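Per-chain residue numbering starts at 1, and chain names A, B, C and D are given in the order in which the chains are listed.
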Amino acid sequence: MRWQPNDLVLILSPEGKRFLVRIGPKKFSTHHGEINLEALTQISPGDVIYTHKNIPFITVKPTLYDLIFRIKRITQIIYPKELGYILIRLGIKPGSRVIECGSGSGALTLALAWWVRPNGRVYSYEKEERFLKVCLENLNYVGLKEWVELKHKNIGNGFDEKNVDAIFLDVKTPWMYFHHAWEALKGGCVLGILVPTTNQITESLKFLEKNLFKDIEIIEILLRRYKTVAERLRPEDRMVAHTGYLIFARKVNDK
Amino acid sequence: MRWQPNDLVLILSPEGKRFLVRIGPKKFSTHHGEINLEALTQISPGDVIYTHKNIPFITVKPTLYDLIFRIKRITQIIYPKELGYILIRLGIKPGSRVIECGSGSGALTLALAWWVRPNGRVYSYEKEERFLKVCLENLNYVGLKEWVELKHKNIGNGFDEKNVDAIFLDVKTPWMYFHHAWEALKGGCVLGILVPTTNQITESLKFLEKNLFKDIEIIEILLRRYKTVAERLRPEDRMVAHTGYLIFARKVNDK
Amino acid sequence: MRWQPNDLVLILSPEGKRFLVRIGPKKFSTHHGEINLEALTQISPGDVIYTHKNIPFITVKPTLYDLIFRIKRITQIIYPKELGYILIRLGIKPGSRVIECGSGSGALTLALAWWVRPNGRVYSYEKEERFLKVCLENLNYVGLKEWVELKHKNIGNGFDEKNVDAIFLDVKTPWMYFHHAWEALKGGCVLGILVPTTNQITESLKFLEKNLFKDIEIIEILLRRYKTVAERLRPEDRMVAHTGYLIFARKVNDK
Amino acid sequence: MRWQPNDLVLILSPEGKRFLVRIGPKKFSTHHGEINLEALTQISPGDVIYTHKNIPFITVKPTLYDLIFRIKRITQIIYPKELGYILIRLGIKPGSRVIECGSGSGALTLALAWWVRPNGRVYSYEKEERFLKVCLENLNYVGLKEWVELKHKNIGNGFDEKNVDAIFLDVKTPWMYFHHAWEALKGGCVLGILVPTTNQITESLKFLEKNLFKDIEIIEILLRRYKTVAERLRPEDRMVAHTGYLIFARKVNDK
């Protein structure tokens, strides 16, 4: 089936540069010349489009992975290497009701929305208005706003929801909100936490068990990329060494 | 809400041992004494149940993560650190139609089924009958069979499906099936590959571009776990150093 | 040149098992039969010796690397992956005068003695008599005692030496001895520290600058081993994920 | 003891920038003003020197570690994380006679010379004249030339030396020289190899055993650096992901 007006398209240059564009009556400028975006409706996903300088670009449907790397960023974002693990570890599935705080630029928000569809819901708290604005913009751009309730709110007084299936905290002092998380979670469900420093892990550990969270796991995930040359296979020279530590724990009901 | 008859329950011992049980009129034996599984219907997820020796076990709803580590294994399985990345990278979402080969013990099959719900479909090919049997057993046990079509079939003659949203190959000589994968995939969609050796990466790279696959990525993912002691925070002494390398590439339409 | 009576010999079984033996009038029992150690003097390093069951074992001169893995262990030892870096980072060279505390089983003691030869000296402090005994035994066994002064002493009152070229602390609360280390070190020289936990790094950092140590470095070293099969090249399945964190800092003279 | 004329001095800026200078009748320009190098003879290692803008710089004796990072580079160099392991693994000690090829910029040459002192010898082969020139310059600058014999020579016809204690190959096609290495090595001694790609490991493995090398080890070493902030302890954001793979094997005498 052909590309449709208003579709989001990922276009890849011959050297592998990636651009996310929306089909409409305009031109898109690349370092290899202009692409007539309306002409995309004459071809299909996977087809090649040519710039006015006759340079071929590949057109593909963006996956969640592509979207996350193309959204507008105003904060450090959570990367796919962590996102995938978080989703599995939190037990997210179609229909899940899940809380996150803070929204930031919305990378995790997107991922959660992507997978609670068609009938789940993401409650995303953010106290900084400018972050919330960017997050909203990103959700609208990729078409996932429908599954997200953005909340411009400090969580110092707790969450509005009860009986949610999972909670994820990406805030500076997560331990200050563990009792609120406990109140909002279903029994046995998982709380996830991202912190960049070991001091924050230590502090979190001190407070988790006090707040009836058990089955604690602390991990970090490293991703190593290889150069794609068959005859000279080797890792890339440099890699991301740290984005953050992930902590997971489960709510145990009071006794 | 209380546990229901026939529910799958993950029970955790005081030392963190994990058992997956199904509620029914029987007893479950642990190293701390017997648990009356029928009594679970008197309590709720997150509650504690006591063995006949009065030792408390926590009862929780298993997430995808829990299920994958509890299923019956007859082959090396793909672990959550890779599963999450694969799902995001393939662009799996509710409604996706996806092919995998081989089924193995079904860890990836479960993950795919979990996330294509409610209206997607997984086509899982496996030539070894005994693997297929275990995979089916696992799918039935966790209740995800409905979304999976198991196929006892060698893929040397190609796949039965056309226009699928993603394909994942976990076979010894993936390069022998790239042309079949190309035929079955939608334009621009992603082929994922898992191989344990660098020789297989080299071989795959040689054949990928020949078969009109581009936008190639090769990675490996390392997960490092930390001991959960606040005052003596440190990584665990040993870790898994290798499960496999992941390769991803996109179908480009013939020109 | 042939093996000599009393030589230390590393013998390798066909499967790669490693044994450290000393040539003398006795037999050595292996899982493949007995080796007559006196017969070694009829062959040379690199030659093969046969057990009474006619199984070939390779005989080689042990390097520092081999010795460290064969000494008697009563404590966790520092491994070659860290040892090499420590030696370079501390600036050890023939003739260096260096302090270490504690001696433990003597892995670092051996390495230091190995490289301060022929005219340097290692001052090794240890408060536990049973560790000191093992360390002494190991040094004597490998023939490096001559360059080491073992001191059965708590370092709470400081070190006996002045103007040493380097100090290495492998103790629980290194920060309690930074002022002593400062007193004993030459100006500008390097203090090295090994600690297993992040809490100890944090504590050390708090005290280092207070004690006029600058140019601080904190690292960890990971070693990944590969299976030696040409056609199926891949990392080993599991690896050591943590031995300890290394901290280095330099003494700055008071002003 | 005070700094002496002609001493090599490592000077550290308040932000940790590192400069290697030689004391003499000149000024050294920094981003914080000029340092009168002759004035260094009025102070001692570990003391602070002030620029004409009154900014304090720490003065320390460079260790091997410091020298390696300050020498002139015309090629990719081997870093301390690998150097230390190589030295231990090859069994280098005071008095060793060792061959390396190629010299490159001389990082390994320096390290070998540093540790074969006072009576050992390094035979360093290099076919590129411009590399040899830089290596010589570096050795002279740090004062280690005395222990090194630089050889402007292709090793296609073998090595000039016999009975050496160790050999290290850092060349593109090491397998072409295994028989020469075997000829030059003492029985049971270690051959070390550095290769950047997995294809080169595979090729080396194929040829090692054919040439009577056994006890093969293949590793890679990863170093992760932490930020030195006590209250916000965390790894640095990025790290070196790959310099090369190390292979070690031992010469077994013909039978």
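The rule is simple: a residue touches a chain if its C-beta (ideal position, glycine included) is under 8 Å from a C-beta of that chain, and two chains touch if they have at least 3 such contacts.
Going by UniProt, the chains are A, B, C, D = tRNA (adenine(58)-N(1))-methyltransferase TrmI.
This structure is a prediction, so every number in the text was calculated from the model and none was measured.
Student: Between chain C and chain D, which partner chains are common?
Tutor: A, B
Student: Pick same or different for copies chain A and chain B, depending on whether their interface residues overlap by over half.
Tutor: same
Student: How many angstrom lie between the centres of chain B and chain C, each centre taken as the mean Cα position?
Tutor: Computed from C-alpha means, the inter-chain centre distance equals 43 Å.
Student: Let me have the rounded angstrom distance from the C-alpha centre of chain B over to the C-alpha centre of chain D, please.
Tutor: From the centre of chain B to the centre of chain D is 46 Å.
Student: When the C-alpha atoms of chain A and chain B are each averaged to a single point, how far apart are the two points in Å?
Tutor: 21
Student: What positions in chain C touch 2 or more of the other chains?
Tutor: Counting only residues that touch two or more other chains, chain C contributes 198-199, 201-202, 224-225, 231, 233.
Student: Under the touch definition given earlier, write down the residues of chain B that touch chain D in their complex.
Tutor: Against chain D, the touching part of chain B is residues 198-199, 201-202.
Student: Please give the residue numbers of chain A that touch chain D in the complex, ascending.
Tutor: Contacts found on chain A: 196-199, 224-225, 231-242.
Student: So in the complex, the part of chain C that touches chain D is made up of which residues?
Tutor: Contact set of chain C toward chain D: 12, 16, 44-48, 58-61, 63-65, 68, 80-81, 83-91, 93-94, 111, 114-115, 117-118, 186-190, 198, 201-203, 205-206, 214-231, 233, 245, 250-253, 255.
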